[in-house]
Amino acid sequence: MLYITKRVHFSASHRLFNPTFNDQKNDEIYDKCNNFYGHGHNYILEVTVRGIPNPQTGYVIDLKKLKRILNDTIVDKVDHKHLNFDVDFLKGVITSVENLAVIFWKILKEEIKEAELYKIKLYETENSYVEYFGEPVEVNRF
Amino acid sequence: MLYITKRVHFSASHRLFNPTFNDQKNDEIYDKCNNFYGHGHNYILEVTVRGIPNPQTGYVIDLKKLKRILNDTIVDKVDHKHLNFDVDFLKGVITSVENLAVIFWKILKEEIKEAELYKIKLYETENSYVEYFGEPVEVNRF
Amino acid sequence: MLYITKRVHFSASHRLFNPTFNDQKNDEIYDKCNNFYGHGHNYILEVTVRGIPNPQTGYVIDLKKLKRILNDTIVDKVDHKHLNFDVDFLKGVITSVENLAVIFWKILKEEIKEAELYKIKLYETENSYVEYFGEPVEVNRF
Amino acid sequence: MLYITKRVHFSASHRLFNPTFNDQKNDEIYDKCNNFYGHGHNYILEVTVRGIPNPQTGYVIDLKKLKRILNDTIVDKVDHKHLNFDVDFLKGVITSVENLAVIFWKILKEEIKEAELYKIKLYETENSYVEYFGEPVEVNRF
Amino acid sequence: MLYITKRVHFSASHRLFNPTFNDQKNDEIYDKCNNFYGHGHNYILEVTVRGIPNPQTGYVIDLKKLKRILNDTIVDKVDHKHLNFDVDFLKGVITSVENLAVIFWKILKEEIKEAELYKIKLYETENSYVEYFGEPVEVNRF
Amino acid sequence: MLYITKRVHFSASHRLFNPTFNDQKNDEIYDKCNNFYGHGHNYILEVTVRGIPNPQTGYVIDLKKLKRILNDTIVDKVDHKHLNFDVDFLKGVITSVENLAVIFWKILKEEIKEAELYKIKLYETENSYVEYFGEPVEVNRF
């Protein structure tokens, strides 16, 4: 097996809060990430697929096609958006980097057919990132 | 003269629009940066001062003090905020990276006494940044 | 004045040699950069323009337009190309990073109208780069 | 077990095409990577070995020796070369990043004796990379 | 399971040598890392924990708390220190990056309760790093 | 004129203190940089020369020669050393990043003949760096 990764970027704003918590609890848990008007990041999304290289092409997957899938199904929907308000597939979701990774996985799992989706790595800042390998995780919608 | 630079980070959201333009004109000019709910970035701010090193200390400026000034007067006010709504000194300002640099300069010019403020470099993304050396520029407030 | 920079990437191959030198002299001067079949780089091109921000828009230049100019006039012509063979405006030029910067300047000077072209910075590797401010330099064609 | 990694760089050009395909098929599959005269990259190669640190030295492997192996057996053969023409061990190979990783693994597996070769990570650009852990993969030679 | 990582920095000096070796053997094994007065690095420490996101918060772990643990138990003890002389928990340890990772693991394993410590990644330079997953390894003290 | 830059690395330790100050004053001024046993950094040194490209070679300077000068006169003397104790040309100097830049300039000014030395940029960390253009500055030796 070989593991091949494509990296894309998007810039978005978000606000962390749970509508079933009161203000004090939201503040305690999310602190400055709970700022009412939101804040934002330059996110970096790395998507890894795995497979055997096709002996005729040397490719596990055509990275141009993978990039197109990432742009069409994720980047174009979230880039220069507010993740809490502007994105259909995030409606009602707490937009933590963990939940984003799980939701992105579900979307990409449907779209990537040429090779097996293996990992999503999502950087919120250069000092904080999450990795997800598709084990079932439930994301609440409020 | 030596030029010494400190680099700090903040994450914020903003929306580009001019309230005196109609929606169509705002869209034409600001495109996806005009998204109603805003979007965001991990900004990087580099501040350069210049001077002669003190022969007794070897320092042009104490970088710990410079860092404290940057944090107290800029980072703590803009980090994890919406630049259009949450920041007193940006009220009514179009939050383009150019205007941010000019406003930050004015604040820092007042605060940095040990050496001469020489340059502000502000990255909106790793592929877009502005540099400003303090020549008089007018920033409108709407 | 504010200085605003856009950064773009391209991947290309090239070979350094002067057709009026014999093989030995080309080897002495260009060493491994003279490899007959060429070698290649992920180039990074940073283009800086300067001007006064428009008080109505907060922009020195529309970075989306600047990016389009960079892509249309430079990146689309050199990306995934051999600089010695595939690029009309480099015909006969020794493809040193210095000469590339001078040629790119001439092209961009014609195209950028909204603000003043100030600097071209071209990275051949992360450890080697050139900066050019447009002072007249002659580039030979052989 | 500890996993320790050394990172080295090389700059090379290559062209993706399969000599058993006609021009149209090569174009369809490899697109701009099929440019006749080639294109190039600043590759980054990360090699990870694993083992128990020697209790007397604190080392899993002497990184200076590992670096010497990487330079002698890989970097010196591919740096500032055209991968399709100049490299004995790549003769007839489609020079996709996947195939390069598999071939590099076979070479390094023979050379690294002090610890167990665990992973090869090869960046073609900062946005595209492959990882390989040595599971048997066949690379065609045409 | 999701894997979430926090990255912190520290600057320290160290010297590699084994007091039970004679000078010649220390030189042979550690070469320039054996310099009597030491040398130094800007270390980067990445700590990965794993778990299921809490469905009410969207968090695997509160990264602010994780960062505080990293700062209190590691960074504040080693930043701007000589690792061989100034750090209680490194007394007598050969300060190889491998041994540092093992010692840091033991400390963090005691402190991180909200989620499972999964990996420590420690960069000595941008070209050399170690990864450790907690398998039992003995570190001698001399 | 074109400005061409080469970037090299070294890892060293140092301690900031002035032997004519008492302990309290050294602590006040240098804080954690005054740690008795020192601390260290992965320094990055960028050296910029300027000139007109030779029309026959396309080179302002042969970067391989420039790199050799940087290695022979700076890197080999400071890499994996304690800057306060191990380096002849730093004897008695307060090893602030400012003073290092001035001393390095004097050495390089003597050695670089093919083009004009224009700038030294020295990073102590990724968040702190100094730039020096050769204006006369006196560095005390204690």
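Odds and ends about this structure:
Going by the order they are written in, the chains are A, B, C, D, E and F; count residues from 1 in each one.
In the analysis below, a residue touches a chain if its C-beta (ideal position, glycine included) is under 8 Å from a C-beta of that chain, and two chains touch if they have at least 3 such contacts.
As the structure is a prediction and not an experimental result, all values here were calculated from the model.
Counting hops only between chains that touch, chain A reaches chain F in a minimum of 2. The set of chains in contact with chain C as well as chain F comprises B. With chains reduced to the mean position of their C-alpha atoms, the one farthest from chain D is B. Chain centres were defined as the mean of their Cα atoms; on that basis the chain farthest from chain C turns out to be E. Chain C and chain E carry the same sequence, and matching their CA atoms takes a turn of 180 degrees, rounded to a multiple of 5.
Taken over every residue number at the interface, the positions common to chain C and chain D amount to over half, indicating a same-residue contact.
Our note on geometry: chain B versus chain E, Cα centroid distance of 35 Å, whole angstroms. Chain A and chain D have Cα centroids lying 29 Å from one another. Centroids of chain B and chain D (each the mean of its C-alpha atoms) stand 42 Å apart.
Each of residues 126 in chain B touches at least two other chains. Screening every pair of chains for touch gives A-B, A-D, A-E, B-C, B-F, C-D, C-F, D-E, E-F. Residues 9, 11-14, 32-33, 35, 37-42, 79-82, 84-86, 125-126 of chain E touch chain F in their complex. By the touch criterion given at the top, residues 1-8, 48, 52-53, 55-60, 62-64 of chain B touch chain F in their complex. Interface residues of chain E facing chain D in the complex, by the touch rule stated above, are 16, 18, 20-21, 29, 31, 93-99, 101-102, 126-133, 135, 137-140.
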